[in-house]
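I'd like to ask you about the structure that follows.
The first chain written gets the first letter, and so on, giving A, B, C and D; residue counts start at 1 in each chain.
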Amino acid sequence: MSKITMREAISKALWEEMERDSKVFILGEEVGVWGGTYAVTKGFVDHFGPDWVRDTPIAEAAIVGAAIGAALTGLRPVAELMTINFAFSAMDHIVNEAAKLHYMFGGQLVLPVVIRTVSGGGRQLGATHSQTPDAIFAHFPGLKVVAPGTPEDAKGLLKSAIQSDDPVLFIEHATLYQVRGEVPDGDYTIPIGKSKIQRPGRDVTIVTYSKMLEISTKAAEQLSQEGIEVEIVDLRSLRPLDMEPVLESFKKTNRAVIVEEGWRSYGVGSEVAARIYEQAFDYVDAPIQRVAQEEVPLPYNRNLEQLALPQVEDVVRAVKEVL
Amino acid sequence: MEKNEYLDLYYQMVLIRIVEEQAAQLYQQGKIGGFLHLYIGQEAVSTGLISVRQPQDRVITAYRDHGVAINCGISAKEVMAELLGKATGISKGKGGSMHMADVKKNFWGGHAIVGAHLPLAAGLALGDQYQGNDGVTICMFGDGATNIGYFHEALNLSKVWNLPVLWVCENNQYGMGTAVERASAVSEIRQKAEGYAMANGRVDGMDIMAVREASRQALEQVRSGQGPYFLEVITYRYRGHSMGDPERYRQSDEIRKWQENDPIGIYRGYLTSQKIASEEELDQIDSQVGDEVQQAVQFAEASPEPAPEALFEHVYVEG
Amino acid sequence: MSKITMREAISKALWEEMERDSKVFILGEEVGVWGGTYAVTKGFVDHFGPDWVRDTPIAEAAIVGAAIGAALTGLRPVAELMTINFAFSAMDHIVNEAAKLHYMFGGQLVLPVVIRTVSGGGRQLGATHSQTPDAIFAHFPGLKVVAPGTPEDAKGLLKSAIQSDDPVLFIEHATLYQVRGEVPDGDYTIPIGKSKIQRPGRDVTIVTYSKMLEISTKAAEQLSQEGIEVEIVDLRSLRPLDMEPVLESFKKTNRAVIVEEGWRSYGVGSEVAARIYEQAFDYVDAPIQRVAQEEVPLPYNRNLEQLALPQVEDVVRAVKEVL
Amino acid sequence: MEKNEYLDLYYQMVLIRIVEEQAAQLYQQGKIGGFLHLYIGQEAVSTGLISVRQPQDRVITAYRDHGVAINCGISAKEVMAELLGKATGISKGKGGSMHMADVKKNFWGGHAIVGAHLPLAAGLALGDQYQGNDGVTICMFGDGATNIGYFHEALNLSKVWNLPVLWVCENNQYGMGTAVERASAVSEIRQKAEGYAMANGRVDGMDIMAVREASRQALEQVRSGQGPYFLEVITYRYRGHSMGDPERYRQSDEIRKWQENDPIGIYRGYLTSQKIASEEELDQIDSQVGDEVQQAVQFAEASPEPAPEALFEHVYVEG
């Protein structure tokens, strides 16, 4: 094992897969000379060349559309959408093309395409640049939606996504790139669609993913000092959504808090809560709590923005609420 | 060109027309559902265009795709079966009229979101460029599709990356009920290519020989590595946009005027006047096509519905 | 009262508002000469003229964007997106512009824009043309999302939407236009954001909206013959989401089934279920059931399509399940 | 033009420059968050352009909007306060650097999604056309924005509907790190207007007098009802795309070359050589601007943060 940042983990996954399979290539805005706006592909263009690390015009629909087309020819494109806020400009190609072509043509078309993008607020980028609308993409069957919260998962899951023959939306988080974590040495993959217990506990189950894993872990440490042991389940993938570890944990704790960064309504928490009630009704000892973003477009002002985003204290409060 | 090639073009155009007329009837009978966009009047466009493609050339088009499918070598049976939503359909009954494809024949579909397949075409061409294939991607779309953003992004990309794409705009005068000049800043659509400094041309789409020649030259140019080419083909659809079009937007004499330049009629006249084929030979092809279409209908009707399990197949490749 | 179709009701609302306020105008594909693909604006162009019933190029982003711009100048545009499947092509303008401009500029910009569109499957239009992704639009604060199920509500809610200074996504249903219902005579509006009990009952609460109101009502009639009296709450608006009548009904029946046409995961049912559990936990006698679309892109074949869509029998089964 | 008008143009350009330099410092100090896109080097573009607009002319631009805001009459105080996210900011601290607007001054914002404000501009112009106003909507955007679909849809719409819009492309040679020719099929952006048969022109954006004249003529033409006009303005940004740009994509001597044609320097030379103003007068304006910006910073720093309740205000007009 070695301790590396999320950025390094994602970077390594891309690099290793490109070295392993010459059909893998990267395209997107500023992925080349610039090295990626989050510096994930820094140095790639010098090594792989501008064709395989391809800068594109500002044209999100064309980026995703061209990636799909290239994938249909047998290549394995990794398209980068600078942030998920710009994915709306490619919405049709993500949900109407990528998610449907394989099914609609009776399985003839195969599109091994990965769309990497970045969610998250907290950087004072204002309402149009700070969203975490992960749930809306997970609404569409045919698409796989992955959102890792640790360097280990990021590397293993991205490699699986690139090796997968299905279209995968791979959602990174703007404020996790610096986070460090242990990563197994050498080549490894992590199967898409498996939730994971990231922290064992007995009293309350926290279900979360991506950036909120960090927030939830801080809350868990705080609570542990008060003798409350929280078990944290990381969804890692929103579609497919693996409820097994969630239910297992819940049947033990009988109490759950779901923590997501995005807006509460029609979000991830509602789906997970609904499923827990459906699949573990008799184990419910207290109403499941949802911690999520206040339902406002995220403002620029730092205080207001932080007020709207889920904080450690909110998680702590919610956990005590269910106890 | 050999005589049999000449006759084959005639055969394909007639086959498309009869298949479409037959489809219209089956739609009236409620055997075909959804939207049905007929290609009647435009047969010379894809027949001429695709007749000069190489096997390695990919074809992708919009939802008005039955004719293109047939020109790409998909049998009338498989087309009919798809229209009836049968398991034997070219898309296993899951795609229907707007979504036919056969990748083994390098036909990449039938796409129903206007203009959305243009970026896909750029990607197909990029794939060939990467892999060093000398294939050209032929992307067909309507006049109305040239007003949506996808068109712009795809054309720009194809020029910047010098992609082997032949952009073919079937200008049939209308996007649904909207005449070209009511929706497009320029009514000569080829002019849009100038905004990308892209080589372009314009040809009469009712004359299959003209379409063939223009397409051949365009394909040659693209294949030679000179980058994308934009071909505007002037044509007309005789029927409504889809079944159940009120057609308030045009007069019947306008349709009649165009029908006087019927692509099949023109070509038939050409074949006979040039003494390439006799009326009898052509009549024989007509009746032969009639039989073939009847058999296709019987095949489709007799074919099984998809099994219920099919509902959950092909959502993903991997579980 | 007079009995008219959903189409007539929507048509009347548009006509009356255009007559009432010269700032109201319609723009969209085929709204003029053609009379609207669903014939909603038939005859309008002859009466109001091509400027006020304006045909547009096929350019969804420009349709919504131009409507927003015109609204900023004080006009009250009603933009029509032929179907919600094409709304993805205008996604950025709906969720990043319409939903955010008022907030982001501190309340300076006011955009009284209505976006009318059409959801729903069941017409064998295939995967790209048969979606009911209403929930994903309701995820965005700043936007109001309305989806009526009766002619009376359609007329009253559309008039409110046009008179509202907030951006409203007004979702009609492709297979409801022919449905007839009593509509009050004369001018009336129905406030946006109020759920309504459409059918009184005592045994089970069905929460639904739009097309599924029809399906649920049929199920209720069937069940009534077996002595099971279902109470049906019609959400009518997905954002704001009014839980009052839902909770009132649920506290009486203690049992609920949520019926929606869209996909189950991250849909409307999950949000409503989560809120019922949160706000009426002590009244829950049985796990709340969700009836929704199978999680596949909708196929063209009629049998398969019907297999994927929620049917009356599915609702009946779910109701018996919670009893 | 009166002398005071000449001096006012100089004053505005210097004010923009100093405000931006000040903002850069405050960003380094962590007092400004988010993205900060500086207008340094491009001052002559919006100063010249907006100096010839009529009060009824609407202005809308992208996220690089501080300069435009100032030219539209927003005070340095309100700009600074917004940059610091204060309640006294022009957008009440909710918008930040990328989202400044003042509708009372007919400035419709700062928009951060590339190209997305172009359709809005078409709508603004449509509103004026409907209401019979003789205002022209001035829509500014970058070279990179001309490759996205929104650009295409908006330009086409403006031409089809003959809308009173002046499209102004600020070609500053790069979209982030991508040089124009690496992203656009044509490097002379004005050529894109040809695809819409739209009147167009190209002007040196470092020479404010040239920008003024070209803008005046363009506005006149649009106002006279001849439809939209496309103006390409050649300029350059001295600083990175935003703070923290690694700038691997260009050489420092390229920047130096452009700086030799500094818009403020050129105009200063013009004013003195033409004997319109003396060095002393201009120096005095410089120091006056220095004081004004200091006061703006003090005002911003002293201003209150938005109240917590503000978080829930303005989500909707009605509840």
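Going forward, contacts are C-beta pairs under 8 Å (C-beta built on N, C-alpha and C of every residue); 3 or more make two chains touch, one makes a residue touch a chain.
Just so you know, these numbers come straight off a predicted model, no measurement behind them.
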Legend entry - Remaining touching clusters (ignoring subunit C, no chains moved): one piece
Legend entry - Most distant chain from subunit C, judged by the mean position of its C-alpha atoms: D
Inset, instruction - Averaged over CA atoms, how far is the centre of subunit A from the centre of subunit C? Could you give it in whole Å? - result: 30
Inset, instruction - Determine the centre-to-centre distance between subunit C and subunit D, using the mean Cα coordinates as centres, and give it in whole Å. - result: 40
Inset, instruction - Quick one: report the Å distance separating subunit B from subunit C, using the average Cα coordinate of each chain. - result: 36
Inset, instruction - Identify all positions of subunit D at which a residue touches two or more other chains, and write them in rising order. - result: 91, 93-95, 99, 113, 116, 147-150, 153, 156, 160, 182-184, 315
Legend entry - Residues of subunit C whose C-beta touches two or more other chains: 56-57, 59, 61, 85, 89, 92, 96, 103-104, 126-128, 141-142, 295-297, 299
Inset, instruction - Have a look at which chains touch which and call the overall pattern line, ring, star, complete or other. - result: complete
Legend entry - Residues on subunit D engaged by subunit A in the complex (per definition of touch): 33-35, 85-86, 91, 93-99, 112-116, 144-145, 147-150, 175-178, 182-184, 246, 248-249, 305-306, 308, 310-312, 315
Legend entry - For the subunit C and subunit A complex, residues of the former touching the latter: 85, 88-89, 91-92, 95-96, 99-100, 103-104, 126-128, 133, 135-136, 138-142, 238-239, 241, 262-263, 265-271, 273-275, 277-278, 281, 286-290, 295-297, 299
Legend entry - subunit C residues touching subunit D - in the complex, by the definition given at the top: 25, 51, 56-57, 59, 61-62, 64-75, 77, 92-93, 96-97, 101-110, 141-142, 144, 164-166, 193, 240
Legend entry - Of subunit B, residues touching subunit D in the complex: 147-153, 155-156, 159-160, 182-186, 191-198
Legend entry - Touching residues on subunit C, where the partner in the complex is subunit B: 29-30, 33-35, 37, 55-61, 85-86, 89, 123-129, 294-297, 299-304, 307-308
